[in-house]
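Two complexes follow with chain A in common, the first pairing it with chain B and the second with chain C.
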Partner chain A sequence: MVKLEELKEAVKNILDQGKVKYVIAYKTNPNSLRTVPFFIKDSNDVDQITWNPLCVYNLARFLVDEKRRKAREKNPDTRPVGVVVKGCDSRAVNVLLQENYIKRQDVYIIGVSCEKTGVIDEKKLTKKLNGRRAQKVEFGPDSQFIVTTRNGQEKISAAEILADRCLECQANFPVVYDILLGEETKRKPEKPFQSVEKIESLSQKEKWAFWQKELGKCIRCYACRSACPMCYCDECVVDTINFAVTAETTAEEKAQKIKWVEKSPLLSENFIYHLVRALHLAGRCVDCGECERACPFDIPLRFLNKKLEKEAKELFGYKVGFDPDQPPLLSSFKDEDPEDFIW
Partner chain B sequence: MEKILRKKDFPEWLKKLNGYSLYAPVKDGDLWNYELVSNPENINLNHSNTILSPKKIIFPQREVFLEFSTNDKGRLQVKENLPEEKKTVILGVRPCDAKAVTLTDKVFDGDIIDSYYNKRRKSAFLVGLACNEPPSENCFCLSVGGSPYSKEGLDILMTDLGNKYYIESLTEKGNELLNSAPNLFLEATAKDKKDSEKIHLESEKKLKRHIKDTAKIPAILKNMFDSPFWDEESMSCIRCGICTYLCPTCHCFDINDEVISTSPLKGKRVRTWDTCQFPDFTMHSSGHNPRPDKASRLRQRVLHKFLYFVERYNDYMCVGCGRCVSKCPVGIDIVEILNKVRDYES
Partner chain C sequence: MADNFEPKIVAFLCKWCSSAGSDLAGVSRMEYPPNAVPITVMCSGSVSPLYILSALNKGADGVLVSGCHPGDCHYIKGNLYARRRLYLVKKILEFVGLEPQRFQMSWISAAEGTKYTQVIKDYVNQVKAIGPQTKLRRNL
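Our next item is the complex of A and B:
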């Protein structure tokens, strides 16, 4: 089991040694059950760090912000940033490395193993507790969580309240790290694409109705895009403005910016947005599930990404984020790649 | 006018309102949202906070201002598209969300009169429901001049008294709705009034979140524009639009031409919600962006709500519904931020 004291010690050490400029970790939110991302510069604050089943965030997302911040600074501190990653998050770091978005020396990776469980889905927990409020959620022995309510502690089996993404997890311990905390416990899901198979089994008409209903809810707050560590483009097709514009860009070039998608949350535009995003994540999505968790309307976005993950695996034997040296799926070609779907 | 409506008569009343469009909170999955309801039997008012406030009805996310086209002779034709004035009853409005409507009124029905907003606003009847229990764990209405039973902005306030509602009609519009089914509304007794007042006072005690000394905050914020505080607080922001899109008081918008065809020309001029939290909100065509980072955007959200709006309209642009706190994907908490502001020493 990951010992919180060891995690604190590890963060304290790299901060005290000046190895990193800051560390991205988790801390408890004093006002609710939730944890929040924690950016720690001073090793005196390490006691606020936490590690529990509510550490849902993919902190690799903040490496994107760090790169943007560094680009804006005149004399940036070039030391790496420390980041606490779970298995899925570490795969995201690998994709960022693979795409040369960040360099290995830019990041100091503190891996934490989820071992036999993972993170919880707060909605599942709320339902399970049926009105009682959880005060604390901890990792228990075996595949259990220990939940504290007003009535005391109770054990809940992980399968009942684990986030859907964790039920289909393919990396329960980090695949890239500088320090690893916890054990390299083997836990391979029997059916890693179980959820998407449910949607696949629907008829074309049912699928259309399903997505019309789900994507019809979208208000285009872009929380899914914003929560995603892979959505780092400075220029996105859905934005009305091109961020690649500089003082040197000519008026003509600006005028030629094509508007691909309207800002209106109409079904047609919502479909374009979500399908473009899904396609741009093919061979890149690590199924950290943050898009779906961030969505205020509970749109099941993982299905889209999971489907493409499955296609990539079945058609090209491609697995995302395990090897930073493998060529990206959409920019590589092999003689033996199947062609039978091209007509 | 104070009345009593038995819960069993509630659907009967709604049936009498068949000349009105009826919006009510409807549950889909785990979420409540306002929807147009055709069968009043399906309405029950035990909703928690709706994911979007009635803002989505009065100030919809997409509003077609006008349609344009060229005719056979190549002449431009423009057709204004004002919303139809259809009387619309919005049921179960939480007092905070009703107060929010009075704040957007200040913007769209003040120095500048926005006819699109006002057509919808003037046809809306807001039937409120007092919060016997806070509908969200992040409710903080008491800290921003509201209360779980505030009447501001409402035409009717209903208070749940178990098997009946205590009904207070507050405006002519409220009276109109009660008069649609006069037989269903019974005289309220002094005891009913006392019971509802008791529930109201108890409901106040159930709120868990508070900003201390909110009144002191605008003056402090005034000196914090250049503070490193915003860098620290915005570190975890992921620049999505949830806090502002879900906010019942946020009202910023964008106007675009949606061109369907260029030859012959055909299209629509459309207003959509926009938000200061998107980087392109302030982007200039030169490529310069006066709010280039997350810190300046978070600062804008807080300062607009607790300084600029106060200076201009003498009220906070926040009603304490707690949506931005509950739904922020990274747990940014405006109550916590404002409490830190109050204690901030620069």
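Our next item is the complex of A and C:
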């Protein structure tokens, strides 16, 4: 069991020793049940740190922001940044390392093990509590969560309120870390691609109807892109608004910018956007589920990424985020790659 | 309507092989359907999945990508990268409910003019059978 005191102690130590610039962790939000990302510079603030099943965010995203911030500074602080990571987040860090986007010495990784459970899905919890409001959610023994409501404590088994991604998680402990808190446990999911197989079993017409309904809801707020630790391109192919315009950019260059996808949230454009995003994340998505959680319309975006993860594993034997030294999925090949679809 | 439907096919052809193959078919006066719009690319490995999606988005009924046989790539291994990447494109198109025939890949060398005509014939017939592509087409 990860003890909160140990986590606080570890963060306090590295801050006091001056090993890191700051540490990215979680803290409770006084106004709601949720947690919020917390940037600690002063070791006196470590008491605010929290670790509970509501720490859903993937903090690896902030390493991307940190790199950009550092690039703009004149005299950047070259010390590493501390970051608290769960199993999935550590795989995200691994992919960033694999792509050489960040360097290993620029990040100090504090791994926390999910220990056979994971984080909860707030919607599932609300449904389970049936109108009562949770005040606190804690990890309990034997894969259970202890939920405190006005009526007292209640034990809920993990399988009931775990987020979908955690139910399909293949390694719920960090794979890369400087300090590890909690045990390295293994919980092999019985069906790691259960959700994808459900959609695969539909007929072609039903699949189209399903995605038409889901992607028709998209308003193109790009929350999925903003929450994703892998969506770090400075210029996004679907959204020319963030094409880097500098003083040297001529009017002609601006006019000639290719507009691959319309900005309007039309069904066809939504499809292109989400398919392109899924393909750009092929072999990079670590299934942290942030896109799906950030989506204001609850579009099951995870399925698209999970499908490609499944294909990568089954056809090319590629596992995402376990080895920072393996060549990326789409920049490598094997002689025996499938060829049966080619005439 | 369905009987006289003529599909519009966008064909991305590798400059070093398939494009030369289509040229051979042309100079040899072989006949094949005029439905394919050829676009010469430097390598099948340079075909981004976005090209394929964009072609479907802008009104293509089918997309064909053709490159060199494995081992014959002008850039040594471009077609092998393409093979892996475009396989995923095919899988994801199928996953969201498109007909898998909307996208096809083939290996055609510069000497295979006859194979080029055969591939175009077969592919046009295949797309004809499934009808116009409206799912990803932009309706403004």
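Please note the rule applied: the second predicted complex is superposed on the first by the 328 of 343 C-alpha atoms of A that agree within 3 Å, B and C clash if a C-alpha of one lies under 4 Å from a C-alpha of the other, contacts with A are read in each partner's own complex, and residues count from 1 in each chain.
Criterion: a contact is a pair of C-beta atoms (placed from the backbone, for glycine too) under 8 Å apart; a residue touches a chain by one contact, two chains touch by 3 or more.
Quick caveat: nothing in here was measured; it's all calculated off a predicted structure.
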Clash or fit (per the criteria above) of chain B with chain C on chain A: fit
Which superposed partner A:262 touches (first chain B, second chain C, both, neither): both
Partner chain(s) touched by A:308 [first = chain B, second = chain C, both, neither]: second
Chain B, chain C and vertex chain A (Cα centres) - angle in steps of 10°: 90
First (chain B), second (chain C), both or neither touched by A:342: second
Partner chain(s) touched by A:333 [first = chain B, second = chain C, both, neither]: second
Contacts of A:227 with chain B and chain C, given as first, second, both or neither: first
First (chain B), second (chain C), both or neither touched by A:211: second
Touching partner for A:275 - first (chain B), second (chain C), both, neither: second
Gap in Å between nearest CA atoms once chain C and chain B share a frame through chain A: 7
Contact residues common to both interfaces of chain A (with chain B and with chain C): 262, 266
Residues on chain A engaged by chain C in the complex (per definition of touch): 199-200, 204-212, 237, 260-262, 266, 268-269, 271-272, 275-276, 278-279, 282, 304, 307-308, 311-312, 315-316, 329-333, 335, 337-339, 341-343
Chain A - residues contacting chain B, complex: 29-32, 34-37, 39, 57, 61-62, 65, 69, 72, 123, 219-223, 225-227, 239-241, 243, 245-247, 249, 254, 262-266, 290, 293-294, 296-298
Residues on chain B engaged by chain A in the complex (per definition of touch): 29-31, 51-52, 61-62, 137-138, 209, 232, 235-236, 238-242, 245-246, 254, 256, 258, 270, 272-275, 278-280, 283, 285-288, 292-294, 327, 329-331, 333, 335-336
Residues of chain C that touch chain A when the two form their complex: 49-50, 53-54, 57, 70, 77, 80-81, 83-85, 87-99, 104-107, 119, 122-123, 135-140
